[in-house]
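Pasting the structures here.
Presented sequentially are two complexes of chain A, the first with chain B as partner and the second with chain C.
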Partner chain A sequence: MKPFGWTLGRVKHVQELAGTVGRQPGEPPIASMGSTGPPHVEDPLLIRDRLVCDGAQVTRPSIDPYREPVETHVYLCGGKIRLSMPVVVKIRASHPPYFSEAVVKAAYYMGVLADVSEAGLENFEKYRDGLLADVSYAGVGGCAGYVSSFYGLRRLSVPVFVKAPPAESYPWLKAAAENGMSGVLVDEELVGDTSLEVGVSVVDRELRFLGLRNEVSVLAGGWSVRGSDDIYKLVALGADAVVLSNAVEYAVGYPDAKARADVLRERMENLLLGLQRELKLLAGAAGVSSVFNSLVGNRELLRAVELDREIRLKLGVKQAGVG
Partner chain B sequence: MARWGEPVSVWDGAKHFSKRLLDRLRFKAELDNPSPPVRKPSDIDTSTTMAYDAIEMASPIYLGDMSFGALSGVPNVALARAADLTEIVTGTGEGGLHPEVRKCKRITVQWASARFGVDIDVLNTGLGIVIKIGQGAKPGIGGHLPGVKVTKPISETRRIPVGLDAISPAPHHDIYSIEDLGQRIMALKEATGKPVFVKVGVTNYIAYIASGVARMGADGIIMDGHGAGTGASPLVVRNNIGLPIEIAVPVVDETLRREGLRDGFTVVAAGRVSSAEDSAKLIALGADVVSLGTAPLIAMGCVMVHKCHLGFCPAVITNKIEENPVKVLSLETATRWVVNMVRGWTSELKLIMEEVGVSSVRELRGRRDLLKGFGVEAEDLRLIGVEAF
Partner chain C sequence: MEPRVISGCGILGVLRKQDAAKIAASDAVSSIECIRYRGSRLGAGFAAYNLDGPQNHLHKVKVFVSSEEVLRHVKNVLKEFSDGGLWDAGFDAFSGKFMSWTALVDASEDSLRAAVDRLNYELMNAGLKGRVYSWGRYVEVFKGVGYPLDVSRLYGLVERSVEADLWIAHTRQPTNSPGIYPIWSHPFSSHEWAIAHNGDISSFGSNMEFTRFRGFRSFVGTDSELIAYLLDYLTNIKHMPLEKAAKALVNPFEEDIINNAADISVDEYVAGRGAWLDGPFSVVAGFCDGKDVYMLALADRSKFRPLVVGEDEERFYVASEEAEIRQLSENARVWTVKPGGVFLASMKKGIIVSGREHPEVFYRNVGKTTAVGEVVDAQGLGYSQLNLRIRSLFEKGLKEVVVVNVNGHRYLGFNMPPGTRLKIHGTAGNCLANFNKFGEIIVYGSAQDDVGDAMYGGRVIIHGDARDVVGQALQGGEIFVRGSVGNRAAIQMREFKDSRPYLVVGGRADDYLGEYMAGGVVMVLGVDSIGLDEPLVGRYMATGMVGGRIYVRGRVERWRIGLHPPKPDVIRYLRGLYLDGLIDEAVLNSFEGLRTVTIDDVRKILSGEPLRRITKLFTSKYHKELSITVKRLDEELPVVEQPLTRFFHEFNLEKTLYTKLLKEEFTVVSAQPLQPAEQQREHQPEEG
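For the complex of A and B:
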């Protein structure tokens, strides 16, 4: 039983990127003939299936990611954390050590964050610079956790992220930021009252409204992030980086007791490399040369195809066909 | 249709419950008469013109640009010959001209970002020139011919090494703006005196793009919508970039009219045009001509295995070109099938036009009042100017 939003094709796609199946690990899979994806052929399962990305045509040039640089790195918390691509990998408490260590190691070497706030820090001391750990481990690379009282956050020496479910409004943002919160992590797995897309967009817009967006980073994601297109769309809706959880498990073939730790690590590295290349393709097609400078929160690069008006207004995305 | 060259149905009822917006728009005439008999069409004029009346066509059909390399040679020739026989126009794609295609009259040649096989002789061949900026399956990404399909004949036509991926640059490095485009259009017109079309993928700012293209002196725009076919494209790009053509056509038509640029300028609608009813609807929404890409391939026997990029097409349409091929498509049969398809398509179009009560393509163009939307949001219908059911 797969969580909602995932299809067999999606699983195969991330597995091809990781090299778990197929022969070209780390390469964006090539396809031919017309689109087979949502919203017109497959059912649009999630809101972002109705969002389409922009492609630069004559009015401005697109960028050729095969030959020209497209920068995918993003900075969090005013430059304190630099990610090589807008990706955070989530480790669950239920993951066995052979799996989680391989994934954390790959994430560390590929320059993305690993969120171990649920799994605990015990096994990963070596990679502490690239981790988001629970607040009780204060003093490592970054913290993420459920914070009931914001008082005292400022005393922690590292960036602190507050985990929150997707919601229609976040009235506590101002108080939290004043107390030293450096980021919000919108985690879909904490069941909220709305969808991930709306949650991300609302956080981004409220922070902008408060004038705090430059100081406070936004991470978002969960089980329904299925690949680089979802990452691109969530980043364009306002996330600085997107959390992958189930995508990682599917891609590397978890649980695969036979795969040794170094095989899992290699698959994980391939997956991240492939996602980065796909992001470059999408960003280059839209004429974006730097994800952090031009894509984060840039809803103008998205259009909604036959999306409910109410949701569309919450997202702040224009209707398809409107210039 | 491909077999007999005769109309099969008037209304394509099977598609009316699909997820696509165009399928949920229906002609009012269909509500009055849901199953009219399929008979011999009466005297309806399907002829039309392109590019300020410079190109005359017997039917508003443009066969899409598919390159020599993406298709395996015989289909390219079949498309070009079929266009000659039925007096429509076919595009040729960016991979240079097959010598047999070059002999045909009713072709346009493509001037794409890699300039494969382009010289002044090629530009002077055919009815017009297409500047390819983007295509519906991958707006913003250049053409892509996988290495397995770059065999010796292709390497000689395109002058590239055997076995290496031929990836065209994403932008034209001499076209970074509408002004640059204007200069290239003028240069091509000066060199050849032929009409120049600009092919773009449908993206967010399509109305501005079309208006800029028209203002810069092009004779037409070929708009390729989301879901259009390709020989090879990164999957993530194909499935996520671009808007559907049925939204772009009315928006562009409206913008061009408002700016006084519509008369004589040709709007070609492409991308998932899969039946005569689709083409009638797109013309009613404001297009002049529709472009068919996958449809003629299906007429030639395509079974849609979606593996064009691997070079082992079971219908020998997009397989790699070898010097001693095991199987080839029969040129005569392929040509006959495409000719039949175009004739059957035209007959169906005539039957539809008879049902909705118009007598020529010119009368049908922009008649959004003939359509009704079923299960489409009011906001979307307002945008495309169609009333709700």
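For the complex of A and C:
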């Protein structure tokens, strides 16, 4: 039983990118013009299914990322951390070592962050500059830490993220930043009072209002992130990088006790490569050649279709066909 | 009513040199009007800068107001924020329901900045009741609805003999606003900055999010206004040096930033994230700091919009089309701004940043040429009239038509009958020789953008330069350019069994040379720069190339050819291999020292498992292997001899140079021949 929002088609697609099924790992399928997805073809299940991407047009041409550069890198925490693409993968406490090791390795190789805060740092210390771990490991050096409440913040030598559920407002951001917070991780797997989309947009806006947005990074995501379209939209709503959890499990075929660790790692690398290529295609289709500069928080590149006005205003996204 | 021609906007900047006379408004008007077809009735404008204005101790504040009531409110707010006083200078124009009202205000920059922000915020929220559109000591904007000539008449610029050290001008094809009110016209101004812009930036939303919490609360909703705000914010509020702000605004590639080739550090790039411009733009901007007057031009890094600059004895120029410059100066040296290029000049310092490398070597000014015998005079003719005149002469059976005083006339050399020749004296406009099959077209001067698009026969010989997108989808015949070519030359060039096209360039070429190329031969000779250690191509050469051959004199660095994954991504992968004991530290270090890691580097240094694994970062199912070799040109005589001989003949180049060139090393790029069918099976995943 997959969580709400996930369909069989979605699972198959990430498995194809990973090479778990199919014959073209890491290769986004390019079919034709037009949409096969929500809200018009498939049912919209999540808020972001009612957000459509504003494409390039004649005065703002699209970019073919196979022949021209579309930069997907993002810098976090004022430049202290560089990701090759706006992606973080999450390891759960329940994951067996053969799985988590493969995922952490692949994340490291492919230049994204792995969130091991629930699983611990024990087996992954050598990859620490690609890890987000519990702040108690900060003494080890290298990795980014996290705390679940900003009251626990201390000035540390490593970037420190505060984990928080999606919320309608974050009144503590200013105080936390003054206490040394370098990022916020909006984790939908902590129970919040609103959707992931609203949580992301609110954090982004509040940080901008405080003049802190380019110092304090925003990570966001969880079980509901299904692929590059979700990553793209959440980035446009204000996330610097998006956390994948269930998507990773489905893509590599977890649990698959028979799969060797290096096969899982290879699948995971393929998944990330495929997601990066899809992000380039999406950004290129909007005429964006630099995700970090031009997509993060760029709500102008989204339009809402049949979305409740109140939510739309919280997201800061215009209605399709209106403005 | 004349038919509306859909085109791109046109921009212009003219800056005088210190010892030259001030520039009359009539010059700015005549120059921007010569590309009238780029604009529309929906907006035009001018900005004038004078360092020595009689009232420069006061701010000149110009406001569009829609009613007496609005004017009263504007006066009250300005009074409230002015320290020394406010002088009502009356109305200077009426345009599309708005009156343009001017005041001279004795106020500090800071308090006036607050007043302008409040006024614009209130007037916008009240429903477009008015707008402060110009408020500096040295700058004055004149803008309205209409063609540039209409707007100039509105303000009486020529009639009042207005003069300036620097003029910025714009003619508009609106894309992001209705354009029916003057508040949407260019130039957009913020304090001493005024900008005119041609483009449609994709970073608009990000730039907006960046700006709105940094002291700017009111927006008319176009990307162009944001560019003025960003320049004002970076230079006046953040005190970033002008040159640095300009180089950052064009959003340099990450690889240039980390290789210290962009004059901006990673920290600065990150701190200003959201301010940098993405998507298509060419911008001309003026600025005055009270000591000097500056003219700035910016081109986007994909070079999706035209931008040329020029210099003569008296002035510097920035333009969308060379014709605008030639309208004022026959002798100016004109060159193309490179992709992502910045041009900056000041009245007192001259050229500070030239917009590209070695314009004096690579760009050719043919100068005024004369023609004898019967000629068609293009002066005063629109491009349609001129083309009809030329066609009627060919229809009468003439084999050769000579046209003089050509200046930006478009679409010349269409539908020429077999055995005919067209000689063009002057600057050939955009889309020269498009779809040409039979004609021989000789340009004694330069040609603007899009020469020989989809040409499938005939010849084009250009004695000066050609600008961007030369020989797109060229499939027959030959194009010879004595000078240089711009961005995206020979893209999608192809050949057929009995038709192999040639593009031969005497100077150099910018980025994306031969992108998607499928056939034909391109040669870039650099005949004026032998001995100069300067590459003859930009970057991303031959990306997506599937056929044909490109010859570039000299050893072209591998990173300039094709598209490569970002170096930090590759290094990270290598670091992983190192951590897992699959490569040793020395190998990792050898990669760290490279400017860009190319597929050739990893194939040379790695083998086995590490090579197999990292290759996926460089290839995809759309990846096509290129063959890159270095040869002496005389080794390739069967391919190059004939076109090269003709090139030397056409331009009357010396035999000794020809002999010398044949002994030079050339980089030869071609797509590898297709592998036999049985080797082309689909890639099998490792774990079956």
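Annotations for the structure displayed:
Just so we're on the same page, the second predicted complex is superposed on the first by the 299 of 323 C-alpha atoms of A that agree within 3 Å, B and C clash if a C-alpha of one lies under 4 Å from a C-alpha of the other, contacts with A are read in each partner's own complex, and residues count from 1 in each chain.
Criterion: a contact is a pair of C-beta atoms (placed from the backbone, for glycine too) under 8 Å apart; a residue touches a chain by one contact, two chains touch by 3 or more.
Every value quoted in this text rests on a predicted model; they were computed, and no experiment measured them.
In the superposition on chain A, A:P39 makes contact with chain B only, while chain C stays out of contact range.
When the two structures are aligned on the shared chain, A:A167 is found in touch with neither chain B nor chain C.
In the superposed model, A:A286 lies in contact with both chain B and chain C. Of the two partner chains placed around the shared chain by superposition, chain B and chain C are both touched by A:P61. Of the two partner chains placed around the shared chain by superposition, chain B is the only one that A:E306 touches, whereas chain C remains out of contact. Once chain A of one complex is fitted onto chain A of the other, the partner contacts of A:A261 are absent, as it touches neither chain B nor chain C.
Within the superposed three-chain model, A:G79 lies in touch with chain C and out of touch with chain B [touch as defined at top]. In the superposition on chain A, contact is made by A:V322 with chain B only, not with chain C.
Within chain A, the residues touched by chain B in the first complex and by chain C in the second are 56, 59-61, 63-64, 66-67, 286-287, 300-301.
Interface residues of chain C facing chain A in the complex, by the touch rule stated above, are 175, 199-206, 208-209, 212-214, 251, 253-254, 266-267, 269-274, 276, 278-280, 301-302, 304, 512, 515-516, 540, 543-544, 563, 566, 568-569, 572-573, 576-577, 579-580, 613, 616-617, 620-622, 682-687.
Against chain C, in their complex, chain A makes its touches with residues 19, 23-27, 56, 59-61, 63-64, 66-69, 71, 73, 75, 78-79, 82, 84, 105, 108-111, 126-127, 208-209, 211, 213-215, 236, 259, 263, 266, 269-270, 273, 277, 286-290, 292-301.
Residue ranges of chain B in contact with chain A, taken from their complex: 18-21, 133-134, 137-142, 144, 146, 167, 169-172, 175-178, 181, 198, 200-201, 203-209, 212-213, 226-244, 247-248, 251, 271-272, 294, 304, 306-309, 318, 376-377, 379-380, 383-384. Across the complex, chain A meets chain B through its residues 13, 28-41, 43-44, 52-67, 227-229, 232, 278, 281-282, 284-287, 300-301, 303, 305-306, 308-309, 318-323.
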